[in-house]
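One chain, chain A, links the two complexes that follow: it is found with chain B in the first and with chain C in the second.
Take a look at the complex of A and B:
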């Protein structure tokens, strides 16, 4: 058997780790462990010099196992695996100890943090000894793509891909394409007609020979893996089975219903409408009250539902700009009308929108600030002698005075929330949702359109509320990712699958029954189980159910995990 | 000196490990008692792992997986739950207090919950005191 020669690298992550963990001591303790040939600490292991240090050691010291103690493996495991490959070592002979997210960022006591870091490194060193070289598997990529959602994000992605001659299946749950953008009258900051942009895309997508549009449809089942998915799409009473290599999720968002905020009297008093309803009114070309008269006083209340811990704790991102746009549209249609912006904080941050804010302020629009954390504005019916039918009572924050705003029409700038279907779809796709029910990206900074499931991308407002231009950017980014993969023609898939040691398999078939994918077959002639590695996703459920230990999950073998348990429990230091 | 427990925690890669990472990126402070071991799915967690942890001197074992319905592998967490019920019965017979093991569902967004869980479990184990299983086993040999 080959001699195990382990290299251990403790990352400082600048001061992120080094501040709360004595990295030198961790390296010194790791150096004492069996099989460790070299143990070093370095400022940034993920940097080029950091990786080079490791590569040089592997080559010069004949290292055949590597441990890096740094950030979460979810961030840099791939980086270091590539460095191993560069040094001529199999990338699976590598283990990470997470001493940043699990140690330095969560523990202040330097002594205890250092001790925990030593334990985690010991676990990784013990485990890596048993790790085996695995060969990556390449599979062909099906050049078709599934796009879920026919709003601006989904339409843009579908069009971008189809224009290169590739097949797109576009699944939309509503009866027509266009999504949220179809409800918008004009876009900010230039007040262009939204339909001017949207209609040509809908037209191109609907008539494109490479796009198959499924309306009134939903993806209800998914199997396979990156490059080779099979999905079941429900369409009223019928079902279609589709095959595709990648998925772009563009399911968007829905407006918040303001009924629970009773202070805004929505549906209780007349002429109080949501921003979405006002868009519809504008699309019809008029602004008027239930009585068909034109309003003389229009109040626009911001942050309805948004930035409210009881409803939507986040900023919905587009409402301030939309509210400013409304003020301009009202002034254009009804020049004599008084417009009041009742806001909590003005966040008109998109390109060209600060300018729109200044311009709007110069058009005689009144800005009144309320305290989002204090008492919210309250709408009541006006008395007989008052000039309007509605009165908004509020404390104006800048003047510190209690004021009453008169209004004929009140527009509630409602927040935007995740679709009701987001949970069901996240389960079908195997992707995660954040605490606000939007889908989570693979990395918030470095990989914002991918998800942790390879081959599944998220674009537009299903990831978080965003404006049209950001949705279009994301859609094009995801389309580029998908096209790059199609162009390459093959993709590497995980090899952490299960395998059976036939000589100790007793043929009980428990594994066949526990496998969620039907990936295990019983070979009647040999009387043993056999794993179809193309179908197996490597969860390891079979391995923990096998009574004889014949079936094992690669890279998570019993030996490896037991050795890691031994390692983390090894008492190297006494407090 | 105050008793500082050691808890071995098995976390699934997709939800719970990500949730623990979120506790880190959000800089939530919690007890340094946990030693996290990553598995792809809570369904991979074999009773042997739990017994091994006690045998090596762990004062507690925590198992975390995705919420029901959210499992990346469809139903691994249900299988974990069923096994866990059996393990609970079994460790009682071994003389280990059932409160020393715990199963919890932690999603990728529940960093705060994870930090709270770590503190809560640490307190439970502190109240129970150190596990004597390792010493007992060593005497038997």
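Take a look at the complex of A and C:
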């Protein structure tokens, strides 16, 4: 066995670490440890001169293990691994000790902080001795893509990918394409007809030689991994097995049903309809009551279900703009009708929508604010001699007055809910959902269309309520991600994975059940578990659950972990 | 009874000069910048809201519009160009018509031709009765010297045919009295109506009876000084307004209460108190008129940007009254009896309709409504303070 030659580098992080930790003493103490050839401290290890210093040492002193004591590995582990590679050393022969987030930023006592830093560095030095060289692996990417959902997001993504000549499988659970957008009459803020935009896309997707559309279909089973998925799609009585490299989930939303909010009397009193029902009415080209008369007073109630802790605690993002759009459509069709916007907060965001708000106000629409935290507006039947059938009672917040609003027609601006199928599909896909049942993105700011499962992307309202333009943007972003991967032709997969020592495995299958990624399979003939290393993320759940110690993670072996613990505890052991 | 919102109310307000105001989204900048608004009467915002919602009952019971003096800062600050200052002006017109139980005010404000017709009718009435009761002496042209006194001026009370100087003044005084009774009768009943809508109709309002007396000083003080007006950032308005107000009041008092002492045959030297007071009033009124004419025509000043016909009617009548008044003085001093007689007649034909129409039914009624609004506001506060004391006392 080759001689272990360790290099230790203590970073000052400017004054971030040096302020509370005596970095020079840490370096001196580290230098005394077994196997340590060189121990230095430096102002910024992550800087180019800092990395160069390390690279130079590796090459000149023939180092074969490196420890850097600096910030969290989440920030710079990859930076230093790359430096090792540059110096010709396997990047996994490296260990980081976090003496910033875990020491200098959280402790005031310089003496004790320095001691803790020494302990952490000792642990890292002890551990790094046992670390093994691991080799990066890559797999070929299947150039076909599965798109789930045939609304505007799914259609856009499918079209973008197919236009480059790649195969797309488009799975839609309804009997036709178009999704929610098909139910919309006109779009805000310019009141253009939605079909003007949607129909050409549906046409192109339906007739595109590279897109296979599966209507009345659902993905029920998925196996494989990024680049090489195998999915089972159910359509009516038949099933199809499809092979694809990436998945774009665009399952959209479901409108909230206002029945549980009894104060709005939906389905209990006549002429109270949801925004979706009103869109349908508008698509037919008229606005009228059950009695076929035209309404003279139309009340639009906002935030029905949305921003209500008992139903949908979030903002559905599009209802305010839609309500303003409705007001304009009503004024266009029935210029003499009075329109009331009964709102909680006006959130008319997006390009051109504030202008629409201002324009709508000028058209003589009455805006009435209710207190969402207080008593919600209440709809009751009007007296017999009244001019309208319905009366809305509310406390108007901006005037502080208790008022009544007369109405012939009430439109309830219902919020957006996650699809009922979202739970089932999240299990099939191995992606997570937030507390509101929408799919969770990999990073809310920096990676909004990817998920923690490689090769699975989420676009449109299945991620959170969204307007058409945002859904289209996301669809195109995901399409670009998929195409980039197809173009690259191969994909790098995680090296730090689990592996099974078959001779010890007792076949209890606990690991199969605990694995959150579905990466472990039970081999019936051999009666042992087997890890699919492409799917495995190296989380270590299986290793901690295994009763026999047969399964373990690479880079987190028992030996490595125990050595690190021993190092950290060294001071105590010596006393 | 819970109030109903009324989307048609804005049509009504349009007649009172409302332009665009639905743009307002209640950011409250207007109220924040207003130098006059207080914590608990949040004008102009609250007024805009009540108007937008068409809550007439709440509007009529609120005195807020009278507490605003239209400095225009709210309008300058408004991010949506909703023009809150002008809305307050519109509401003052609206309230004037609401306080007037006869409905005449409403008619004049909403149908301009009626106001003009009423003015012409009263002017004709004045001319006819003057010619009947005080016909011109035939000697005015043939023997003008007969009407000249020792100072070389016209003896103003001796110009009517066969009517003695004392009789002349007496008849004019009767006319004055009739006009004063009419105007006071309408105005006082309107103020009582305002009192009913603001104070009496609010069942929840309770304040000690002595507040009526303890707060009364505010009525007098504000009537005389318009102290609130001086709190607006631009004090020129206040000074200009004070000039016209004092000038007009002095003149009004002299001709109504002291006609016998004021309208005499003798022409006093220029430094006599009578003439000095007359000159002061003339200066005050002219200063104000020139200032407003220029302002309303040039429209650079926010508060004078939008002129309702009633605004013009008021200053045009005042202008002609003032000009004819000055002419009477010039003709008298120059010894021209015929010119004096007919100018006097025309002067009355402008003066009487101005007072009879403008004071109880139109713009000029603010002379009473503004100080009473301050008074009523203080009464309401006296009630609120009491209520809050009651609330703060723990129930043991």
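Observations
Note that in this section the second predicted complex is superposed on the first by the 370 of 575 C-alpha atoms of A that agree within 3 Å, B and C clash if a C-alpha of one lies under 4 Å from a C-alpha of the other, contacts with A are read in each partner's own complex, and residues count from 1 in each chain.
The definition used in the following text is that a residue touches a chain if its C-beta (ideal position, glycine included) is under 8 Å from a C-beta of that chain, and two chains touch if they have at least 3 such contacts.
Keep in mind that this is a model prediction, so the values were computed, not measured.
Contacts of A:135 after superposition on the shared chain: neither chain B nor chain C is touched. By the touch criterion defined above, A:100 reaches chain B but does not reach chain C. Contacts of A:238 after superposition on the shared chain: neither chain B nor chain C is touched. By the touch criterion defined above, A:440 reaches chain B but does not reach chain C.
In the overlay built on the shared chain, the residue A:207 is in contact with neither chain B nor chain C. Of the two partner chains placed by the overlay, neither chain B nor chain C lies in contact with A:293.
In the superposed three-chain model, the partner touching more residues of chain A is B, compared with the other of chain B and chain C.
Shared interface residues of chain A (contacting chain B in one complex, chain C in the other): none. Considering their complex, residues 1, 4, 6, 8, 14-15, 17-18, 20-21, 23-25, 27-30, 32, 34-41, 43-49, 52-53, 56-58, 69-70, 72-76, 79, 83, 107-110, 115 of chain B touch chain A.
Put simply, chain A touches chain B in their complex at residues 72-74, 98, 100-103, 105-109, 112-113, 115-116, 119-120, 123, 423, 426-427, 430, 432-435, 440, 452-453, 496, 514, 516-517, 537-541, 543-545, 553, 556, 558, 561-562, 564-566, 568-571, 575. Remark: chain A residues 297, 338, 340, 346, 357-358, 361-362, 364-369, 393, 396, 398-399, 401-406 touch chain C in the complex.
Chain contact summary for the complex, chain C toward chain A: residues 2-5, 7-8, 10, 20, 22-26, 45-46, 49-50, 52-53, 55, 58, 80.
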